[in-house]
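By letter and in written order, the chains are A, B and C; residue numbering begins at 1 in each of them.
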């Protein structure tokens, strides 16, 4: 079964922790396998990293802004969000995480996070555990 | 069953849309699961992003060229394509996409694309849906 | 079954080839499927690229050091390793590789590698093939 839920982002760029929602789906599924977390969007991404210090998400957004400046791309002539597309392509729309005994095998310092790159928007997250 | 097909790229760097070919494999497979799209190459990658405006692929290639300049790396003394390897390592060789009812659950603005980073070459694409 | 093994890294940043260890797990598993290789850490990553010339790993580490400078991030005020977190988020903690007849379908120039970004440390690697 493929689960889905919605996230409403509030900023132009923002990191949203999805760990609890994904963990609850994996717990209901139970057993062992791999869990695919996927955003069906071209200006958002999924990353896994530390959120105990939420500054890390802000640092990631700052680093991406420095690496991929806005407003200098071909696609900006059509829709003013080329940098968001480029960042999303580099980060990727999904991550695949092993789980056992109905528990995501994330490390102590790992959270599953949605990266909003062209918000605010409503984003869909797909989760498949099997 | 693992499916494979070949893509002949024509440029040094190029983005090739694989969505139709991957969708056809998933449709023949039917049902629900995850689809792994993988290139067994060290100077090519798989990304998922918008191709409705093909400028996005060109913008991605330009951004990568600016981030990873050519000709200044150790491996260039052996084979003159270190930048292609570095870009491929950052983007990654595969993406995993959920599907349901024999249909890839890509978003409206998502295409599955091969990124050629050291062409022109013949590239193999592996697809496993289950 | 989810397999795990430990890697003790020796440098601040380092690339460690995991291909033999992962291939042995897939061979014992046999048959066909996908293999998920995952590090439960927020300052390490998994990449797939060439290791026949180990300079490529060093070039990747140099490129990442140039893209994400140290010492200028919010998280550095708490723990002096923000750059390692940012690089790990960009590279990602895992890769998923198809296999057939108990053999990883890596390309001739592909190795599975752990990227240490804040070592030396003991790192855990999880492998699930099914």
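What we mean here is this: a contact is a pair of C-beta atoms (placed from the backbone, for glycine too) under 8 Å apart; a residue touches a chain by one contact, two chains touch by 3 or more.
Values in this document were obtained by computation on a predicted structure and should not be read as measured data.
Under half of the residue numbers found at the chain B and chain C interface occur in both copies, marking it as a different-residue contact.
Relative orientation of chain A and chain C, expressed as the C-alpha superposition rotation angle, is 120° to the nearest 5.
Chain B and chain C have CA centres that are 20 Å apart. Touching two or more other chains at once are residues 67, 90, 92, 96 of chain A.
Contact residues on chain B toward chain C in their complex (touch as defined above): 1-2, 36, 38-42, 67-68, 73-75, 77-79, 82, 85-86, 88-90, 92-94, 96, 124, 126, 128, 130. Within the complex, the chain A residues that touch chain C are 32-34, 47-50, 53, 55-56, 58-60, 62-63, 67, 90-92, 95-98, 100, 105-110.
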